[in-house]
Amino acid sequence: MVREPTTVDGTTEGGQTSSEAPSLEAAARGRTLWRRFFQLSPIAMLYILGLVLPYLYLLRMSFNKYDAMFVFREAFALDNYAKLLSDTFYLQIVGETIWLGLAVTFFTLIVGYPIAWQIARCGPRMKSFLLAAVLSPLLINLVVRTYGWLALLGDNGIINGWLLDWGLVGTPLPLSNNFWTVVVGLGHVTLPFMVLSLVSVMESLSSQVIEAAESLGASVLRIFTDVVWPLTWAGVGAGSILVFCFSISAFVTPALLGGGHVSTVSTLIYEQFTFSVNWPLGSALVFVLLAMNMIVILLHARLFRQEV
Amino acid sequence: MSSLEINNLHLWYGAFHALRGVDLSIGEGDFLALVGPSGCGKTSLLRSIAGFVHPRKGSIKIGGQDVLRLKPRERNLGMVFQHFALFPHMTAAENVAFGMKCRAVPGSEINDRVKRALDMVGLGQFADRKPRQLSGGQQQRVALARALVIEPNILLLDEPLGALDKKLRIQMQTELQLLQKRLGVTAVFVTHDQEEAMAMADRIAIMRDGELEQLGTPKEIFTAPRTPWAAEFIGSGNVLKGRVLAGENGKTAIDLGAGCDFSLGQPPGTGADEDVTVFVQAEDIRLEPTAGTEGLEVISHRYLGLYVEVMANYRDGVIKALLSPGEAEGVAVGARVIARADAARCKVMEAR
Amino acid sequence: MIGRTALALWTTCTLIFLLGPLVIIVAGSFTEAPHITFPPEGFTLQWYEKLMGREDFLRSFIDSLVLAVAATVAATLLGTIAAIAMARENFVGREFFRAFLMSPLILPTVVTGVALFQFIRLLEIPSNMLGLVIGHTLITLPYVIRTVGAAIVGLDTSLAEAAESLGAKPLRVLFQVVMPAIAPAILVSIIFAFIVSFDQVTISIFLTGPDVTTLPIRIFTYIEFAIDPMIAAVSTLLIIFAYLLVVGLERAFGLDRVFGQKG
Amino acid sequence: ASNFVIGTFGGLYSEILDASVIPAFESANDVTVQKELGWGSKFIPKIIASKANPPFDLIYVNEDEAIFGETAGLWEPMDTGATPNIANVYDICKPPAIPQYTSTVYEFTCAYNPEKMDAPKSWADLWQDGITVGVPHISSTYGMIFLQIAAELNGGSVENLDPGFQALKDLPNMKIYKGVTDGFGKFQQGEMDAALFYRHRIQLLMDDGVSVAFTTPSEGTYGMRTGVQIPKNTSNKAAALDWANRVMGAEYQDAFVSNLYSPSNTTVTMDADLAAKHVYGADKVNSLRFADWSVLNPRKSELLEQWNKAFTG
Amino acid sequence: MSSLEINNLHLWYGAFHALRGVDLSIGEGDFLALVGPSGCGKTSLLRSIAGFVHPRKGSIKIGGQDVLRLKPRERNLGMVFQHFALFPHMTAAENVAFGMKCRAVPGSEINDRVKRALDMVGLGQFADRKPRQLSGGQQQRVALARALVIEPNILLLDEPLGALDKKLRIQMQTELQLLQKRLGVTAVFVTHDQEEAMAMADRIAIMRDGELEQLGTPKEIFTAPRTPWAAEFIGSGNVLKGRVLAGENGKTAIDLGAGCDFSLGQPPGTGADEDVTVFVQAEDIRLEPTAGTEGLEVISHRYLGLYVEVMANYRDGVIKALLSPGEAEGVAVGARVIARADAARCKVMEAR
């Protein structure tokens, strides 16, 4: 029924007048590209002005040398990069930062997916309530929010208080000041990003497709694994990149909830810029972070390639 | 494999009363065609049976068991959706395989059955295409294969062949019938193609405005529409308004107006001056040329392949006859004709 | 049935998780003690009264509101257009460009703030507000691009085609067909942009100036050594604000209409 | 009236400025004061980023920042002639001891929970089992100071802080606190039993009835001075100097006394009850030790790295 | 209002060659029906004309102007999409109004025209419904109204009436024709309903595997298929393989195998022993009962309303005849028959 195409690119087929020589299809593609170019130019402009040029200045800074006297000395040295790349400590922090980002991402995904589903499927009143509840952590100043966590999770905090009162534990559990406290604290603020990304995709999931699966005898679990999950994959992708990026660039929450034991590349950068005022090293760290994140984002793009 | 019994089914969409007391029963292994005008509730009925919408009143029994409380997946039915509802992220083969995976059919058997099902609908070489890479008709065939391959007890088919050309359609009809016979599955299918309904169905149900208008064998439906509306809907027939007259010699007849002479006697149970409706199929009408001006004027010829459909002005509407090309030549557009029909082929019904 | 119950249970647990730390703050806003402690001591509205007298907080609230609205409008427009432009054609370097557009999110916002501040000084732009709007637009754009981008993947292309065939120009296609069809995602991205901007501390640290102090910066600099109950009161009001915002959106656009139109 | 931009602390500090300082200043100098709220760690990067055209006419700084700015050439040369109030300021609060116009003196005291332990006689007493010691994060003046104390206890010095790192690691139970708010909360909630902390904040906790007290260990305590500096190239130098002068004046400092900001001006008086809560009087002030920031400042970057390697990961 | 000329159009989807050199020209105001099997490229052709896909080669001219470089909206055409593509967030009325808004038609006129268009498709009272609240057929009618109301130069209709019942369909056909006549619009429409194609089209184009198989008037297509394939696709006809024989008396004839006797003479241009294909429509075949066992065996009856479709075993396939119910009774299932046809009604073509 289907014949093999005589030629795939079509241009080598004989008998065509030369006026049609540049393939129409290619021309159409070219026009589209121009259109895309124009659509993307305002945003590109903003990025160039607001991000690229300022960061180029920082890039230049990252080749300067630190000088306690004058903040930095103009130079063109790779010292800062050499230091960062040769010292396993920094690589270890990079690794830990990524691990933190991943942990928070999985946390929000697991906690957030069911509630997103609930939001997508419930009535308008419940929807408003749940959305507001999900959003509310974001509206509280982060220092205040962190205080709330410490009050809950501290050695003498509310939860340990209950546990001790009920005799469930003899000594307070070390709920605060560790990596997992940071994960929970960051998960708390980033949950809205995951949930709402998922909701926005779930909302446009056609219920017919789910009906089709039901009619074919699919269990709830299978509808989830084989239909809903793959069709909300784009939402998982959007949510996870937002959560991941938010987590690895947060520095107040890790600093406070980590009890000083959790460092991320961002906390290092912040301290280098404001406390030790070592801008060359701080700038180099920025670009290490950038490189690392670009890799993560490109991997992410590969994992969540946009096709249905 | 199961009978289907529907009693006094009422469905509302918000304030809209979509099914208004549907009663329907289909025997085990029966093939029921559901026909009716657009928006009459066919899809709604199918979706009620499948369990996707929740009727407010009435009952649905499958194999004697009330299923209204069962989830769709517990009803063991296969459905072809009007808009296909293919899984967009799965290939054609994966779509077809899905239902078997749900039933934990072993992998090798799944592959076999998928291949056979896709071959059956002529899509063997499209197994790896995603739905959006398929044409409309190809998508519909994937939907059909997907519903059939699980060999359900009940098949609900919402215009399953609507996007197919005639040749393929007939091929698919044959396949469907073979399968249905082999499995003894009970099937309800919606179609707008009367030939299809006639050819495939054991029984035909005509729906109208959320109610069942008539249920019968194809022959019954075609030759003995129960109401003028059914007559009008199904046939390419003419539904004419007449009045019972006390004629000469004490005989009564039905007056159908000028130009229309069917020589109909008084139907039982009617009195003089009563309004009646006369149903006569277009192919049972003959148009005889007449010299005078009292006849009906022929206003159009429509070439339909086998036949010519000839319309003549009649009252404030038209009368329609299907003539052979030869006959049609005798009554060119503009000609004056008298319409005649055998009384035996006419059906007199109470007026609406 | 089990699924439904489990889901409800999970939702409840999540709500407790979400609201737990907030309960402490809200409760703390009614305490009679000068610092918040849990459980609160006594009950008083004095911190709300005190807050009502704070003109600077009100001004900062308005500054933040103006800023958030401006950034949200700019980011939603630019981001939606960009997301749509990148959705279909596989042009060279698309993945790279996509990653580039995400970069404000992965760059430390403090540094972006410093860098942008430098640049703005260089251009001698006198208004800190403008710098803030640019900065906030930049950091909220990735949220818009990702959420809208995710929704566009699932969008039926034939809708835009239908509109074009009916003679619609690109802008009309965008505003009247594509955007409404992905309205849930756009609404979500508006919420994201607004809240990320409204709650933004780090980029604003360097971009705020004497003429504009955003609410988060006001709160941040107000806290000297302890979270005082007035800050708890501000936080409580902001939670109420979140709720009103969502309910307001619901009233204005009908979440139900915006969401779930494809049922 | 032209604008006069100051970078100042927020919260109560800024409220007091509004109430007691700014109106008089504005009318005396015919300017409109605009405040940008924050800390030296925010103002200084902004000044570095726009050296030629600084965004402030004057900023509030801590002593380490003042010294940093001095070496980095961020300040206008100090003009003691234009700021007569400097005469009444403790010597330790003015050049050459410190390159800033000082308003306030703080003390980092040894705070402890009397229910959990006896008053430490020496800083070394913090190294004992059964208590949790709060260690200030290094990214603060007092964090560096505590590190120095720990080093000195173990044979180190400002030049050799390694023993300090080791000592901090050797603490049986320690919790790092980051910032005053964090530390305050941790005391309040009983999360730490002893720590180096701002004396006046401990005073507040005591007034609130929290089980906490403070003491001066035998090695003594460190102090910290806060004041203002005038960025280079300011266009409002005269007004800035007037502000600097006021900052050192008794009238200005009086306005802050009730909130436990201890005066640098020797002429400020207060009643005995209040004085007991303050770093007050020449004896007290002169007993304070001060960190040598000219040594510590250049090492911040390196110390930060060493800290992170020691305590995180 | 414009002619449409397509030359050597080639379209690829990735590596798949969907249109393989389509040539087609339609005069101003013509109504062209596009038919062909599922997946042959009908939708692809329409989408090429509309400008949604980009052919790699060839040209499309509307009113003499090459439009391949024009954007869809610059081509001033109306399209009904196979899957409707209604705007889900707009009501039926808003969907219909959309195109006029794009053309800056004044508000009051828009309202009028929307109302008229919706009334025309019988959806007056559904104006405020969202698409998902409409039945399949109702949605299709909204799509139709939306395309028609803008009165474009070219109408592209992809199975625009496929989801409608026969009655409504005929009504819509009439409306479409009236409108088309009134506006003089050039229309291309895809249909799987041959009757519809016959009834509405000025010309019919048959597509096959991305190529044009035949273009002609309905009559030409029906009575004179150009190729065996077209014959098979269009007709309910029989396509039989024969061989030219040198018969008795020096006469030649065509041998169609046992049980099939059409008395066909040698067609011009063929020689003895050459293979030919014979096309004969089912309604032109008569089945005569025969006593012997050498005839064909009747294997099925299918009641089609007007006719009975009777199939008889023939070689390794079947031969199909449409008989009147009376005739059909004479050849019950299982009976032996000889198939006959008038030589004049048969078409002899070169074998494939």
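A few remarks follow.
We just call them A, B, C, D and E in the order they show up, numbering each chain from 1.
The working rule: a contact is a pair of C-beta atoms (placed from the backbone, for glycine too) under 8 Å apart; a residue touches a chain by one contact, two chains touch by 3 or more.
Bear in mind the structure is a predicted one, so any value in this text is a computation, not a measurement.
With chains reduced to the mean position of their C-alpha atoms, the one farthest from chain B is D. Looking at contacts between chains, the pair that accounts for the most C-beta pairs is A-C. Distance between chain centres (mean CA atoms), chain A to chain B: 55 Å. A straight line joining the Cα centres of chain A and chain E is 53 Å long. If each chain is reduced to the centroid of its CA atoms, chain A and chain C end up 16 Å from each other.
The geometric centre of chain D is 89 Å away from that of chain E, both derived from CA atoms. Counting only residues that touch two or more partner chains, chain E has 39, 83. Within chain D, contacts with two or more other chains are made by residues 42, 45, 181, 185.
Counting partners per residue, chain A has 1-2, 29, 143, 147, 151, 206, 231, 273-274, 308 as the residues that reach two or more other chains. In summary, the structure contains touching chain pairs A-B, A-C, A-D, A-E, B-E, C-D, C-E. Partner chain A is touched in their complex by these residues of chain E: 10, 12, 15-17, 20, 39, 54-59, 68-69, 209. Listing the residues of chain A that touch chain C in their complex gives 29, 32-33, 35-36, 39-40, 42-43, 46-47, 49-51, 53-55, 57-58, 111-112, 114-115, 117-118, 120, 123-124, 127-128, 130-145, 147-149, 151-152, 158, 188, 191-193, 196-197, 199-201, 203-207, 220, 231, 234-235, 237-238, 241-242, 245-246, 248-249, 251-252, 265-266, 269-270, 273-274, 282, 286, 289-290, 293-294, 297-298, 301, 306-308.
Put simply, chain A touches chain B in their complex at residues 1-2, 206, 208-209, 211-219, 222, 226-227, 230-231, 233, 308.
Of all the residues in chain D, the ones that touch chain A in their complex are 41-42, 44-45, 48, 68, 71-73, 132, 135, 137, 139-140, 175-179, 181-182, 185-186, 189-191, 297-301, 303-305, 308-309, 311-313. Taken in their complex, chain B has these residues touching chain E: 13, 35-39, 42-44, 82-83, 122, 133-138, 140-141, 158-159, 162-169, 192-195, 198-199, 218-219, 222, 232-233, 283, 302-306, 309, 322.
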